[in-house]
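Sharing a structure below in C-alpha cells format, with a few things to ask.
Each chain gets a letter, A, B, C and D, in the order it is written, and its residues are counted from 1.
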C-alpha cells in the first residue's frame, strides 16, 4: 500500500506511520518530496489500510493489490472454460440458458423446455426455491419442482441451472441440477458460498444489485478458495437512481470483468430490465459487448406466470432474438448454437 | 392498483386490461377522461402489477398499497417498545449500544465493556461470527467469543447484541445473546429471517446498503410474520457515488421510517461512515433527527483491532460523545442514560 | 393525478383534498373503497402534486401524465429524422460522429478528420470551448479551433458538431457548426436551452450524469418549445457507485427513450466509459441495442492529446470498430455507412 | 501520482511509463518489489493520470494531490469567515437563512420576512429567477421580485441571498442582493462561476445532485481563482436510489468538507428532503453535525405557493424549529441568534 502524508504532517507523524507499517510486517520505502512525503509499503505485511487512514498527518492510503487472488487474471492468464457434458461455457460459443422463472407445473416446464431447446438454448433455467422480497409471495414448489425441471432437461438434452438459497438446500439441489445459481441477494451470504466451494458442480454467482466488481470477484473467491474451480459470474443489473427500468444493466461490467478475471461472464437481461419489451435489446447488447453467455426468462404463458411474468419472453420472441444473436456473434469472432434437433447420449 | 392507459390506447386494449383485473379478483372502476382512461382496481385481488405494465396500451401501473402489513403504522399506530429487562427500546430514552466490532480476547472485551457502561451505554455490542468480504480476513472467534461477551455483559449489567449469520448459528447465538443482529448483507437472506421469526428474542434488522425503505420493511415483515413482534430496524449507510465516506448514512431514513412504521429505528454511525473522526458528528445528527437508539463501535485499543479499527472510537471519545448527546436529546423531548454506577439484580 | 388517501384518513381530510383539487381546476372522481379512498383528478387543472402529498390523510400522490409534451411519442408517433445535407439522423442508417475531444492544431484536426471519414464517419466532432472540472485545465482554442474544424469538415465532406457552453457563444458556434452540442453539465442550463430553441440548427442534448430520463426529455422540451424541432438526445453514462469505469453507460436508456419519445438517440461510449479499451465493446452494444447514432472520440496521437486522451481511440482501432458495427447493424435492420471515398457537392 | 504496474508488466513497459512521466515533467522514483513495480511521480509535472492508465502493463494510477488549491485546508488552515455587515458566516454562530422559494407578491414577501426575522433568521432567502425542470412551470418575477425582496430585507434588517442563473443576470442581481446563490443545476456552469469570481459579493455554491465533494470544491475553486474569496458551500441532497425523499441529504458531507476545506458549509434541508414534515428533523441533524448555517424555505401560505410549497414550512413550524436548534447548538460549542427585535443602523 501507499500512504500519502499531508503537506503539514510532522516528522513525528511520519515516523509513527513508518513504525506501524513495520509492525504490520511491511518493507517500507519513504519518498520525501518538497511538498509531501509518500510512504510505500511492499511485501507480505498484514494490515487494514483504513486503520492508517485515521492516523495523524495521513492524507490518504492507497491499496496497490487486488484483494482477490484465485479469481484474478494475474493468477490465471487464460480464460477459464467450464465443461458440462458437451456444453462449454467460456469458449468460442456464446451459451444461452433459458426457461421459466419458477417451475409451476409439468406442462409448463415441458412446453417451455421444448421451445427453448428448439430455438438453440443449451441450458434450461428454472427455480424451485424462490427468494421473494415479500413473505406473502409464491415461494416455489421445492423438490417436486426440481424433479420436473430435471426430467424436462433430460428429455431435451439440456443442462440444468437452478438457484440454491441456503446451506440446507445444497444437497437436494445438487441431486437434480448441473449448475448451482447463487442469487443477487445472496452474493454476500458467505456461509453459503463457502459450502458451495466444497461441492464439485459449477456455481454461477450473480452480482448483488449494489455490489462493486471487486466485491463480486471476492464472492467468487470464496467458492474458488474452497477448491471448486468451476465458477462463472452473472451480471443482472445494478441499482441506480433511474427507475424506468427495474435495474440498470451494467453492460460495461462485461469487458471490465474480462480484463480483471479469467472467469466466464453471463448476462441476465430479464432481471436486468424487468420488462419483456426491453429484454431483446439488452440481450443483443450483451453479446455485442462480449458476454460468454446469457440467461433469459421464457415462459409458455407469461401472462399467467406465478412470478416474473412481466419480464418473461414469449417463446416466439425468444426464437426471433436467437436469430438476431446469430448475426451479431460473428462480429466478435463467436458463434451461437444453431441446432434444433436434440442430440442424445450425454449423461450426467 | 391504478392502471393508467396511454392516450392512444384502443377500446379493445382497455377491455383487455379490465378483463385481466377481474380475473385477478379485483373490483374495477373505470374513469374515461378526455385524453386518457384510468382504471382503478380495489379489493382483495391477487396479482403482479408489473404484469399489467407490459400489456398493450398501458402507460403505467401504480400500486396504492404498501406490500408490508405487520410492520406498518396503519396496522399498529402506536410506537412499538421492546423491553429487555429494564431496557426499553423505542421509548423516551435513546438507548446506546456500544462495544467492539469483534470479541478478540477476555481483556479487550472486559475493558471495553467497562468503559462503555461507565459512559452510559445500556447494551454491549460485539461479534463472534463475522461476515467478511474476503475469505482471507479474520472471521471471528465463534462460541468462545460469545462466552466472553456474555460474561462481560453480565458483569456490567448490560444487555448483549451480536450478529447471527446463518440458520445453523441461531441456537448458539440465542444461548448467549439478548438481541439477534441481522447484518446488512443478510437483509434479504429470507431463510434466515423466517427462522428468526420463530425465535422469541428481539431481532435488529440492518438495512442493506442498497435496500429501499420498502424492501427493508419487507425484511422486518418476514420476522414479524413468523410471530416474533420484537423487531427493530438499523440504518447503517447506503451506497452512493460519493466515496469520501465508506457509505452515505441516510439520516432522513429516520423520520421516513418512523412515519411508515411503528418499529424502533437504531442508527449505526460507525459503519455508516467507516471513519472514527466522522462518527461523533453523525451520532449527534442521528439523535437530533429522532433516532430511538445508536449502535457504536468502541475499542480499548482501536489501532490494534482485528477488524474495523479505523471506525472504532477510543473510550474517551465515546464518553465525550455521550455528554454531547445528553445536551441534544432534550431538544426533541428525549433523554440519554446518565448512570455511571452499575445496578445489579436483573437476570436474563 | 391520483391521490391515494391512507386507511385512517378522516372524511374531513378527504373533503379537504377534493376541495383543493377543485380549486386547482381539476375534475374529480372519488372511489371510496373498503379500506381506503382513492381520488382521481383529470382535466386541465394546474398544480404541484407534491403539494398534496403533505396534506393530512394523504398517503401518496401519483402523477398520470408525462410533464413533457412535444418530446413525447404521444404527441408525435413517428420517429423524427433530422436532415443535414445528405446525412439523415434517426433513419435506417446508424450515423457515426467521430473526431478529437478538442481541436488542438491544424494538423491534428486534419489527420483525424481524414481518418474518421475514411472509416465511414458522417459527422466530425471536436470542441473549441471545453467545460473542465478544474479551472486549471486546458479550456479549448476558441474561435480559431472552430475554424480548423470547419475547414477540415468541408475538405472531407463531413458535417460538424461542436459544443456550446453559454449563451454568449451561440452566435460564433452557429457560424461554423452544423449541430450544437449541449454538454452533460449544461443539461439543466435552462437559459442556454431556451436560447437554442430560437436558433434553426439541430441541437444534441447530452444526458446529465444523474439526470432521469424524464428530466432529460424535459430539457429537450425546452429547445422544442422554442420552435426548434431538430433535437437529438445523447446518452453518455450515468453516475453510479461503480468506479472501475468513469461512468456507467446506460444502454437500456436507448429502448426506453425510443418508446417514450420520437427523438433520435445517439450514444457516446467514449465519455460513457472513460477508457479507450472499453469503447469498442460499448459502441457495439449500443448499435445492437438500437442506437440511432454514435459519437466517438478519435485522435491521431491520443497519448499526447490535451484532453481526454485516455478515452480517445487510435484511428486504426476506430476503423476495426466500424467493420464490426457493419456486421451488427443488419441484425436489427439497419446499416452503417461504407463509403471510403469522399463525395462532394453538398454545401452548408 | 503513483503508477502501480501489474505483476506481469515487462521491463520495456516499465521504462515506457518512466519515460512518459519524465516527458510530463515529473521527478520519478521507481520501487521494484518482488511482485510488482511501483513508480512514484512527484514535483510539478503536468499530465492527465488517466492517460497513463491505458498504457501497457499499468494496473492503476493513483493521484496523490487534490486538484483544488485555494479551497483546501492545506492552502488555508483556518476557517474562512464571511462578513456581511454584522452577520458572520463561518464563525461561532450558526447563521440561519430563511424565506420563500420565490418572491410572489409584496404581501407574501413582507409577511414571510417579518416572520423569519422574528424567529431569529439573519438572512432572507428568495428567488426572482427560477430554474425549473419544465419550460411550462413558473419561472419567477424577475427584477420586480428582486425589488420586493430587497425592500423587505431592509425593513427587517436582514441580509439577502438570491439565485443567479446566467451571466446576463449578474449585474441586476448584484444590485439588489448581498449574496449570490449558484443553484445545484449550475454547479458546473463554469462560465457563470468564472464571472462570479470577478464580482466582490459572497457566492454560495450549491452542490450538484450527483457532484462528488471533489467536484464541488473545484467549482468553488473557479470562483476563488477569479479573486473572490467569499465563497460558501451548500449541501442540498444527492440523488440516490431511494425515492421516499426527493433527494438524500448527505449530512456526512458536513464533517468531510470541513476537514478538506476552510470554506463555510450551509445545509438546505428543504430541497434536501422535498417535504415539509421532514425539514425540521434534518435541520436539527445538520446543526448537530456541525453545519455553519442553514437555508430553509418558509412561506406565509405554503399551500398556495407558486413553487416548492410542499417543502416550505409554516412560520410557526419554523419558530419551533429555531427553539430546538438553540438547545442543540451548545452541544458543539455554537449558538443560534435569539434576537427578536430588529436592530437598525447597518447599511449595505
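For the reader, a short list of remarks on this structure follows.
The rule is simple: a contact is a pair of C-beta atoms (placed from the backbone, for glycine too) under 8 Å apart; a residue touches a chain by one contact, two chains touch by 3 or more.
Fair warning: this is a prediction, and the values are worked out from it, not measured in the lab.
Chains that count as touching both chain B and chain D, per the definition above, are A, C.
Placing every chain at the mean of its C-alpha atoms, the farthest one from chain A is found to be D.
Looking at A-D alongside C-D, one finds more C-beta pairs in contact between the chains of C-D.
Distance between chain A and chain C, defined via averaged C-alpha coordinates, is recorded as 31 Å. Here the spacing of chain A and chain D, counted between their Cα centres, is 40 Å.
Chain C and chain D have Cα centroids lying 27 Å from one another. Annotation for chain A: residues 210, 239-241, 243, 277 touch two or more other chains. Residues of chain B that touch chain C in their complex: 2, 4, 6-8, 27, 29, 31, 33-36, 38, 40, 42-43, 59-60, 62, 64-65, 74, 77, 210, 239-241, 243. Those residues of chain D lying in contact with chain B across their complex are 210, 212-213, 238, 240-245, 248-256, 259, 272-273, 277-278, 281-282, 284-290, 324-325, 327-328, 330-332. Residue ranges on chain B touching chain A, taken from their complex, read 20, 48, 50-51, 53-55, 67-68, 131-136, 165-168, 185-186, 188-192, 194, 208-210, 215, 218, 221-222, 225, 239, 274-277, 302-303, 305, 307, 309-311.
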